[in-house]
């Protein structure tokens, strides 16, 4: 069998572990051939690819990034690209394509599949917001990086009697904020799923100071937004859903709290460090298992589906299920977190 | 409500996170009172306990060990102890007892429960071998520590053209070896669940050397054992199951390989570093959720059961289910791992 | 002897290690008594202090922050405060004061000393910019945090063919940028000591892209500034030294490079995570040695001086020497760094 | 100029950083050519080498081990080897040889130099026991790994009221034990430089238990030895210096303490994890500076010497000075450490 593999979308710790696993399983388990397309779908369209043997994937398990490179595909060009991709796959003699990517990539994968190309998807997002899988690789690493940052910020906040506002990734779903906030013991967590009111945050901070805990750490997802009109010292733009959006909510919130409380409040924007670097053991195992099962699915002819974690098992779910709905943080998970501050 | 909490059995990263979570949820969510017994069941029997308020659990989320201390209960004294424990619980006015522990502790918990004491268990083991829950806290941390060690050993093995044998924890179940071996990219994994043949390991090493990869790392659970009679340079004792057991299998295997291969082979025994220190973010979140749900179960009167992870949910399962059978590594998980070396 | 100890100025990993070391050496080595003033000089002036015994410093060696709290002293109130401080020291029966702090604290320490109070200083700054000592504790930890961030950013930069601009601490001296840039393998380093020209950075990036290395990481101290007038897409304020200053040089530089190069350039501002959390082994050892030697100096009557690292020895240097001149990065250290990109 | 570089002796974090730095400085700073010999002096003698360009050293800065491989040279063959090496160096057109290694390697380097070969040495040892340099790279990483292990062991010792005996590297000099013991807050440190008496250790442990600190961690260098005859429960061999030597002093000492104290005492042997894996920022900077200065020395014709750290400067010292005497831990450094338990 000739397997094509590509990585698309944002960087995510564990991509290399999937590539390595696909190559190992395909070559040593089935005697297949594997080629890797460079820079995501771009490499498929432009014919940039290389053969991947055991040597090519040696030593990459623990390395962040992707040895194949990545790129984002513009939605507008998707339809056209898909048709080209199908043709190109034939040209290159690909029996099955394994695209590793997020919601956009899986949408493209589904289109390719509908157009008749044998496709087995592998979901990827540090945001953990893909439906049909319990978790995605990269998420555990991102949460780990954010938690370590919160651990560090707590000691500095405490020494200086300060409020620290940590902005973590999560534009549409607040999983990273939820879990790093819980793990780091943040005193409040603001998610895109539930508008926050700065007044509540002030109440929390003052209650802490009144019982001698003269600092607070607030963990904010980049997509978090205040209840419309609840910010006194700044004004955001109202988006299509009626949400008030601030460019840089961490900074806006720190300023708001400083004004209201008359105490020092400092923003820390973690940014891209959350998506780079060596993956945690958890992510390496999950990514390796995804790669293994993708190859098995290919050999079973189980196309049009993607690997997914359900409990402790890796199963295959229809690509369609993965991309219809974003997996957001349910209310009861937020309630759980909020009562353990 | 008056809640008693205790930690028993071996140290495990995340114990403090459970204690903290129980106290936070009980006090701020329900207005309960929480007392902590010292040194496990010993504190319950001897009347050594202290009140736990928010201040008592401040700053312990990220700390390894247990602020309550722990001890192992001898099986022989279990029956007697349970009766005493029940009486003592009444003396101290405990409405519910939340014991956090492993298989032994949960067995005691079940006996207490059968004797009429309201009990909500929280499972704990770094070995991940308790049935009825997808994972236990502490396991992720242990795997992380072992994986980092394997990462480090690989570079030194490679520089010196050596075989390194890393012995990790896991007397009866090989989960730590399985996942740290996969995550670290070990070239072979030996588990208690499947006797190994040193001849196979030699074949693997020589195959690697022959294609220029002049080193190998083998990850061995402490409970792994060779196929009886397969070790040429050492002799173990045959146990009740017909397994040949070596005291220090890592050291015995390194010696065996060195003799057979005529290459340097060195054992590294990771030991207790795997069960101490700050828990990973994953373990902190899981431990915190377990504590939260234990308090909720207590308030629902859902006794005789323990918290368990199923997929992404925390559910309650009968204590009886947890302790009847050890959760060992199934064959297909080993097959998965073995084909990605 | 009765020793007073206080921590002042910004948070710095290792402060607790000094406090612990002072207490251990004074109590077990000399039978002294130690009291700790709360929140820096404020506690001395307001009479807020507590006795520190072995139990009080148990478990703090590896903890970031300071158990005594800290505050910054306004320069204007320094003279007045010093006189008060001297009186208060007598009131509390202090035989010697050990202030642990940065340039401002050491200046105050010197004034107190000149006024006749027995003082032994311990220098502290994550910026490593205090003269007369080879290194200060906290610096190694800050460099470690920044280096880990650069390690992570490199993989994400590489996967996306991006320029990443990492802003690290260092307002007046570029030590953190120099050493984390070298350790992380940044492709350019911008320090306060040498104005940079964005044109040079563009040349470097394009040279890299032209030989197939399609990413770059630039490490910028927060106090770095461009050669006046060299930024095309932004305008800073000219300060008293004729330097063009930007609020947020990392963000300004990323924008400049993106415009000039037509490539994605992203800023990452590490901020306060650099000064919090558990200190590295290096910093714990240095801090512990400083504490030990401060107590010995007190017993020798070696006042008006501070501990300093010279080679592998801890020596005492006049407070006056420490505060006259900022220790900046010499040109030859920058030359060294620049030729190893 | 044509520069030959090789790495010899035990693995040490930072070797790759030196190689990378030599290549960068030589190629971009001077237009030199660099070749790397494989597996230490063996590659020089057998003619196994390869050209090192910028691409060859890309991405190795943070990687443990050595891309060139290493081997130990037998003392007996040294004289002969040196003559061959000199001839071979001429054959390959080497203008200068930069051997990176420990005491054995530097001895060979000196013999080569005496025989007329232009040599610039770079010292390497995780043990930090080379005279004439304040520190060597690799040491900081080893201390960091050992300290993290002690941090972890403390929580598990505390939870179980145990004595933990941690054996770290250091056969002839106790630097790793000294600094990791101080940094980890071990309660006793045993070094090769000063025979220990188990009775003293028991006194310390019992004193701790009597004041409620019911655990202890003892840090032991592998080369530590008891005062002759002071061990009751084991007997070592007397070496040429009259020292009683045990194979595995950590294990022997744990057994001794368990017998004497009637408390659980467990050994942990850290082993090879201390010398592998990614170097700390400190070691990367030091290694990079050593590489840079070695190239500069070569261009100045400053042969027969090696790079050394003195304070904050890199200087050149005669190879002869480095190898005459082992740098052991002076008594006053041990006194310092012992009074801060």
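Note that the chains take the letters A, B, C and D in the order they are written out, and that residue 1 is the start of every chain.
Convention: a contact is a pair of C-beta atoms (placed from the backbone, for glycine too) under 8 Å apart; a residue touches a chain by one contact, two chains touch by 3 or more.
In this text the structure is predicted, and so the values were computed from the model without any measurement.
> Quick one: which chains contact subunit A and subunit B both?
none
> Farthest chain from subunit A, comparing Cα centres?
D
> In terms of residue numbering, is the interface formed by subunit C and subunit D classified as same (over half shared) or different (under half shared)?
Looking at both copies, the contact residues mostly coincide.
> I'd like to verify one number: the distance from the centre of subunit A to the centre of subunit D, where each centre is the average of its C-alpha atoms, in whole angstrom.
Subunit A and subunit D have C-alpha centres separated by 41 Å.
> How many Å are there between the centre of subunit C and the centre of subunit D, using C-alpha atoms for each centre?
A distance of 29 Å separates the two centres.
> Report the inter-centroid distance (CA atoms only) between subunit B and subunit D in whole Å.
34
> Of all the residues in subunit C, which ones touch at least 2 other chains?
151
> Per the touch rule above, enumerate the chain pairs that touch, sorted by label.
Inter-chain contacts occur between A-B, A-C, B-D, C-D.
> Would you tell me which residues of subunit A are touching subunit B in their complex?
Residues 20-21, 24-25, 28-29, 58, 61-62, 134-135, 140, 143-144, 146-147, 151, 179-180, 182-185, 213, 280-282, 284-285, 288-289, 291-292, 310-312, 336, 339-341.
> Okay, in this complex, where on subunit A does subunit C touch?
Residues of subunit A touching subunit C: 7, 10-11, 13, 15, 63-66, 69-71, 145, 148-149, 151-161, 164, 266-269, 271-273, 275-277.
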